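Following this line, the structures themselves.
Paired with subunit B in one complex and with subunit C in the other, subunit A is shared by the two complexes that follow.
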Partner chain A sequence: MSAMLTIDGRKVSVPEGTTIWEAARQAGIEIPVLCHDPRLRPVGVCRMCVVDVGERVLAASCVRAAADGMTVQTRSEKVERCRKTLTELLLSDYPADSAREKTTGDDLLLALGRSFGVRPEYLTIPRGDGRARDVSSPVIAVDHAACILCDRCIRACDEIQHNDVIGRTGKGYTARIAFDLDSPMGKSTCVACGECASVCPTGALTHKPLTAPIRPRAELKNVDSVCPYCGVGCAVTLHVDPAKNAVVLVDGRPSPGNESRLCVKGRYGFDYALHPQRLTVPLIRRAEFYPKGPLSGDVKGDGRRRKPGGLVDYNEVLPAFSEASWDEALDLVAKRLSEIKKADGPGALAGFGSAKCSNEEAYVFQKLVRAVFGTNNVDHCTRLCHASSVAALLETIGSGAVTNVFGDVKNAEVALIAGSSTTDNHPVAATFIKDAAQHGTTLIVVDQRETGIARHAHHFLRINPGTDVALYNAWMHVLISEGLVNREYIAKHTEGFEALRETVKRYPPERAAEICGVPADKIREAASVFGRAKAAIIFWGMGISQHTHGTDNARCLISLALLTGNVGRPGTGLHPLRGQNNVQGASDAGLIPMVFPDYQSVEDAGIRKRFEAAWGVRLDPKRGLTVVEIMTGALEKRIRGMYMMGENPFLSDPNINKVRKALAALDFLCVQDIFLTETAEFADVILPATSFFEKTGTYTNTDRRVQIGWKAVEPPGQARLDWEVVSEIARRMGYPMEYVTAEEIFNEFTALAPSYQGLTYQNLQPHGKLWPCPDPERSDGVQLLFGDGFPTPSGRGKFVPCEYRPAAEVPDSDYPFVLNTGRLLEHWHTGVMTRRSRPLSTIQPEAFCEMNPDDLAAAGIPAGAYVSVSSRRGSITLRAHASRRIAPGTVFIPFHFREAAANVLTNDQLDPVGKIPEFKFCAVRIDPATA
Partner chain B sequence: MSALGAVSVQFTREQLAEVRRLQALYPDKRAALLPVLHLAQEAFGHISLEAEEYAAGLFDLSPAHVHEVVTFYSLFFREPRGRHVISVCHNLTCHLLGAQRVLTHLKKRLGVDVGGTTPDGGVTLLSVECLCACEMAPMMQVNDRYEGNLTPEKVDRILAELR
Partner chain C sequence: MKLRQRFYLVEVLVGLGVTAAHFFANLGRHTARHVFRSKTARGAVTFQYPEERRPYSPRLRSLHRLVRREDGSPRCVACMMCETVCPAHCIYIVAAEHPNPEIEKVPERFDIDLGKCVFCGYCVEACPEDAIRMDTGILEFSSYSRQGMIYTKEMLLALEPAGPAGTPRSLIPIPADRTLER
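Entry: the complex of A and B
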């Protein structure tokens, strides 16, 4: 049904239920608003949008539905007079110095005041009712006096981000917004996503300047880009002050992925690029500092307790290096790598690229290693996050890609979140999951910790660490025995069902209950909720993948989806949430030792021939070594020379004490980065690279969305583009590599990668495209994959049954606790960027471990005290936080902090298939720290 | 989400049963928030921030939401109150008929300001909006009883009875 109405004499037809405001907008008539924002549920509290519909009183157009035959006046004298009076009243106690007008210059109330010609001298009522300012948040300034109680922030926090932090307190003239129980914002449960400040129409909630003063939006340059942090890949607009060569403000962009939402890192974590510790000149290790070894106390691991907030002390490290010209440095790199290649063969060289770099950089880097070094020893941190998931996906359904986008959770009847602290690690994806959970999707969360997303779950299963296989086998047992499987789908699209059935037969819920520590009836209930759903989607994170049985964990989740036919339809799918902003793209571009770009096997002669033709050289037919294998190779002197672009294995790899020896054992190490990382202390040559904001490139997010990040600012000093540096090294090693733009590299890459075919810098604007994208001119790309079979030889998805195996190192009387490692919302991996971001490091300044208060009490350790946590591999000292979110017998440590690096403790045992280390499980002991 | 950490207030088993009964009366259990807050006030004497957070937990509401409700209604006490509560109406009718004089007298006699509680914990003095008893203005509410046509002498008598 539609309604036909007349607005200001114009005929407009809109679907029934459309508001007058929306109808007017569609007709190109703008009605002023204060409390309304189209992204929010209309509440109609301010009355700025009133219009005359010929009734006794004016109607608020933002909430009033358009009716058939209605005649609306939006600009009559009566209407204008009302709006003007309202504006005058609101301005009568409005502070003279609106923080919004002084920064972004878009104070909506003041703009209305100007448009209605409210004279400033009219506003003579003494201002200031004692409603205070609150500057406790490092990123948002609160001025209660400028608040007009429009409720926008409350709705943004509740309805967009689902953080439920803001409410009102009091009534009448004392009414104010309040955070939680009226705490200062910085002390409340606010997660500093900035959504409230971005919707506030006045000076009440504003973004604090972080780099240079924020000038009016119109005076700043707008650059379309994406967030440099996680795999959600939020689209952003960077507001750049060209005079200061600085990004000063970041807004979310209305792209299909994030719909303008951002988290604290994306919105406020951009200042790291201007940190004074940026590398700006090439550095060469001085002769006196050989033989090589760590330079700073933290990296030496001398055991002294560090002050919190530890960044590397440049005075400890820089004296070991002398500044060099680019020519000197590049010549040295090329010469030493060539010498090693000649003496010990190509297999003695290896390269680590990075999932932080663009597709173009990743492509060029793997090309250098393969075509110039002559080896497939090229890998990156995906090995440490989803290698097992990808291995399982390739084996079972023939593709490592997610089969559906995270936003489609809204169409799911049930969503299973397995081993993912989504609110910390994929915060904006989590907002869509929370949305869905509030609008009819049943949320099942399985985790060993009661994570932020578990708070929103309808069914939360807290399982014993590392027991996922037993749990999902039991689910499948229940599904099969209760007939909740999709027989038709199994028959048509899968193979290996019989074997699976035999295996899961041995996992009745009662047995799983014993292993997993979840009551059998809860297992049954969750399984049948999942099984009954018409559409169910599965998300998983590192809690699944980072185990020595990580591949098995993922295989079970895949079997679960195949068994119930939950692939390839709206609201269904398999979605391993990708960690890094470009981990999908870096893998697509071939930073993987077994495959060329687009997962084409290096061992397949036909494929190899194609790449040999394209690159004009003979290529190594053997798969290369993976991250941890390369480190072991270094230790055993099989790997002698390495080139690392943007990776920091010293902190990110398991068992740091071993990594330290391995890095020191290398004959030659070149590190290319934007800061002096822990790894760089072992380097012979350090090359200064460009930060995210200083270059153009494409990035592929967890949804397979390929997006462009455009260059926003100039690099500092002599820092150079990563792909330029890589090409220089190639040239100096005798291989011609002449690129002029990133776009040129992208085109070379897409020509070799069928999944990216058709994508160009032109059609990727403005919102990017999902790969594959057979019709880039007309479509956004393919959202749902594998609705009709799989890219496997048989075209079917394969069930791979798995038996439950315990973790490699289980607790015993010497090491009685299970250690679990992971990330915090505010920090990124080894902290190289985020610990140099003032707001992020202010919110999370120091290392800590989380323990159950009962365990702390039993050990006689007060919460907040320093403890020493030790495993068979090493020991670190850090503060103990008490939290009931974590189960007795377990310890959680975020791995970002160099001064108390969790990876000193972790076990470098690998999953036999995915070669991923067991970051999520090792045995530790806790002792009070000796002063 | 815990805004305050440790919770020091707790309903008894019977009170919790009452909470569940009240919640079950409505299609959306949050409709029972007001009666449950009254129950909390009875049980704990006043509604502290801890009590607000506790209530939020019972309703799966955000602490901010409960705080909104508690601070909106003037019959919820956010500070410990005396054994007796005197609320003097200061609205138009009472005001015209001498509410100020009554209030000044009470302040002097009790030795506390509006919002204060006598040091012995006996009486809390409040000044409130209309209590819908204009016919007996100036008036006040003493615990759950209305007292009207007040004069300083009548106030003295009432106070004497309270002690």
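Entry: the complex of A and C
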């Protein structure tokens, strides 16, 4: 059904139920609004959009549905008079200096005032005596006097971000927006995502300037890019002040991935690139600072308590290095690496790439290691994040990537979130999950912590740490015994069902209840909710993967999906939420020791021949070493020379005390980074690299969406592009690598990676494409994979039954607590970027551990006091916070903080398949800190 | 206390005397009226409240009601005047679009927290639509919880104006927490 109406004499036909405002917009007629935004539920509070439809009163076009035969006048004299009066009334109490007009210069109310010729100073309406300002938030300024109570921020907070922080309070003149129960914004539960400030039409909620003064939008250069933080890969528009060479403001960009939404890191975490500690010249270690070792107190780990907010103290570290020219530094790197290769063989070299770098840089880097170093010892932090998930996915369904995008959760009847604090780690993906949970998707959350997403869950199962296998085996037991499996799907698309059935038979819910600490009835209930769903999607995070049985955990989740046929249809799928902005892409580009780009095995002679032909050298036929194996190798002197591009293993790898020895044991270490990292203290040569905003490249997000981030600002000092540096080193080691642009590298990469076939910089604009993309000119790429069979040798998905195994180090009387590590919303991994971002480190300035208040009380430690947390591998001192979201007997420590690095404590035992260390489980002891 | 007051017996007898004096005076007046047909004697009578009520002044401010239009929808246009003027901050209104395009708005919620209301009548004075009145004659509202003191739009809309002499014509709303099946 459609409605025919006439707007300002123009005939418009729209589907029934469309509002007049929307219909007018389709006809190209702009009706002014203050309270309405197409992304929000219309409420019609401001009445600025009134139009004349020939009735007694004017109709608010944003809420009034278009009717057949309606005649609408949007600009009649009566309408204009009404709007003008409204504007006058609103402006009568408007502050003289709107914060929005002073910054972005797009104050909607003042613009309306100008268009109607209303000058606030000449209004005869008496003014009020002013309302309060609130500047308690580090990123958002609140001016209640400029608020017109349009409710945009309230709806943005409730309906877009689902944080439910903003509401209304007060009556009459004192009516105002309120945070929580009328707390100051900075003290409320606000997560500073900035969605409210970005939708506010007036100067009431505005972004505070972070790097340089925010100038009117028209004076700033807009650069399309993506967010440099997590795997959600939000599309952003960077607003750049060319005179200051600085990004001053970031807005979300409408893209299928994030629909303009951003989180605190994406919106406000960009100022790290301008930090004065940026490296600007190549550095070479002075002769007197050999033999190598840590330079600063923090990295030495002498046990003294560090002051919070610690960054690398440049005064401690820089004297050990002398400035050098690029030629000197690059020659030295090439010479030393060639020497080691000659003396000890290619296997003595290794490289760590980074999932923070672009696909192009990852590709060039692995090419350097494989073709020039002549070894497969190349890895990156995927090993520490989803290596086990990828191993399990490759083994069972033949592809390591997600089978469906996270946004499709809206079509799911049930969504299972396992071991993922989505609201902290993938905040924007979490908004879509919360959205779905409010609109009919049943949310099941399984975690050992009561995470932020658990608040939105319909079923929350708090399991004992590391008991996932038992739980999901019990689920499958219930599904099979209650006949909730999809027999047709199992027969057609899978193999190994009998073996699985035999295994899960041994896991009745009662047994799992004993192991997991979840009542058997709850296990049954959740399992049958999952089993009865017509479409169920599974998300998982590090809580699944970072275990010595991480691969088993992931196998169980995959079996669960195969058992119920929940793959390859809308609203179904397997989605390991990827961590880094380009961890998917870096893995695709071959920064993995076992595979060439696009997961082509290095051990397959045919594939190797193809790459040998493309690269013109002989390649190593053996799979290389993984991250933790390389560190162990360095300690055992099997690895002698290393090149690290943008990785900081000192803080990110488990068992730091071992890493410290390993890094010091290296004969040669070249670190290429934007800041002096903890790892750089062990370097022989430090090369200054470009930050995310200073380069062009493609990035692949967790959805497999390949997007371009364009260069926005010039690099500081002599800092150079990462791929340029890599190809310089290659050339100096006798392998010609001549690239002029990143695009050229991308084209070489896509030619070798079948999944990326057809993608070019041209067709990746503006929103990127999902790989695989058989028809890049017309389609957005394939969203649903494996609707019909899997890319395994048999074409079937494989059930891999798993037995429950306890974690490698279980608590005992000496070390009675279980340590769980993870991330915070405001910080990123080793904090190299986020701790140098003023807003982010203001919100979350110091290291802490979270414990159940009962445990703290039993230990006689007051909340907020310093405690010393020790494991068999080391000890750290940090503040203890009490939280009931933490289960008794467990401790949670975020691992971002160098002054109390959680990874001093963690266990470097590896999963036998995925080679991922057990970050999520080790035994620790808590003592009150001594002075 | 004086010594006499400390012996309660004396004071009890004094009190009994007062009661007895009233009792016999009234007995006399009733006898005069009913037996001797006196026109002037008026003995005191107990009102059989709540079955029987005193007549109220038409100016009395009793429980609010929302005035209905002919189609039963509230006359209120959610202009927030009453909410703004209310000194006790006891009115809470959420506005919505009226289904009839000739009328702009209608309250989606209209709550009065009688636990806060001071019965000043400002809301009635402020209303430009004569949509709220305090003429139900209902003075009895009680509940076991604060929540029960919040009267919603539906409850307020169902009320009728009081009859002559201020007799309520609608049932006294019983909040959910006072119903028997709990």
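Operating definition for what follows: the second predicted complex is superposed on the first by the 923 of 931 C-alpha atoms of A that agree within 3 Å, B and C clash if a C-alpha of one lies under 4 Å from a C-alpha of the other, contacts with A are read in each partner's own complex, and residues count from 1 in each chain.
Rule of thumb we're sticking to: a contact is a pair of C-beta atoms (placed from the backbone, for glycine too) under 8 Å apart; a residue touches a chain by one contact, two chains touch by 3 or more.
Please read all numbers here as calculations on a predicted model, not as lab measurements.
Engineer: With subunit A superposed, do subunit B and subunit C clash or fit?
Structural biologist: Superposition result for subunit B and subunit C: clash.
Engineer: In the superposed arrangement, does A:Lys171 touch subunit B (first), subunit C (second), both or neither?
Structural biologist: A:Lys171: touches subunit B and subunit C.
Engineer: Let me test your reading of the model: by the given contact rule, A:Lys11 touches which partner, first (subunit B), second (subunit C), both or neither?
Structural biologist: neither
Engineer: For A:His439, using the defined touch cut-off, is the partner it touches subunit B, subunit C, both, or neither? Pick first, second, both or neither.
Structural biologist: neither
Engineer: Which holds for A:Arg778: it touches subunit B only (first), subunit C only (second), both, or neither?
Structural biologist: neither
Engineer: In the overlay, work out which of subunit B or subunit C sits against more residues of subunit A.
Structural biologist: Between subunit B and subunit C, B touches the greater number of residues in subunit A.
Engineer: Name the contact category of A:Arg119: first (subunit B only), second (subunit C only), both, or neither.
Structural biologist: Neither partner.
Engineer: Kindly classify A:Val45 by the partners it touches after superposition: subunit B alone (first), subunit C alone (second), both, or neither?
Structural biologist: After superposition on chain A, A:Val45 lies in contact with subunit C alone.
Engineer: In the superposed arrangement, which partner chain does A:Arg56 touch: subunit B (first), subunit C (second), both, or neither?
Structural biologist: second
Engineer: Applying the document's definition of touch, where does A:Phe179 land relative to subunit B and subunit C: first, second, both, or neither?
Structural biologist: Touch partner of A:Phe179: subunit B, not subunit C.
Engineer: Which positions of subunit A sit in both the subunit B and the subunit C interface?
Structural biologist: Looking at subunit A, the two contact sets intersect at 171.
Engineer: Residues of subunit A touching subunit C in their complex?
Structural biologist: Contacts found on subunit A: 44-45, 53, 55-57, 59-60, 63-64, 171-173, 175.
Engineer: Can you list the residues on subunit B that touch subunit A in the complex?
Structural biologist: The touching residues are 1-4, 49, 52-53, 62-65, 67-68, 71-72.
Engineer: For subunit A, which residues count as touching subunit B in their complex?
Structural biologist: 158, 164-171, 178-183, 188-189, 455
Engineer: For subunit C, which residues are in contact with subunit A within the complex?
Structural biologist: Residues of subunit C touching subunit A: 80, 83-86, 89, 91, 95, 97, 101-104.
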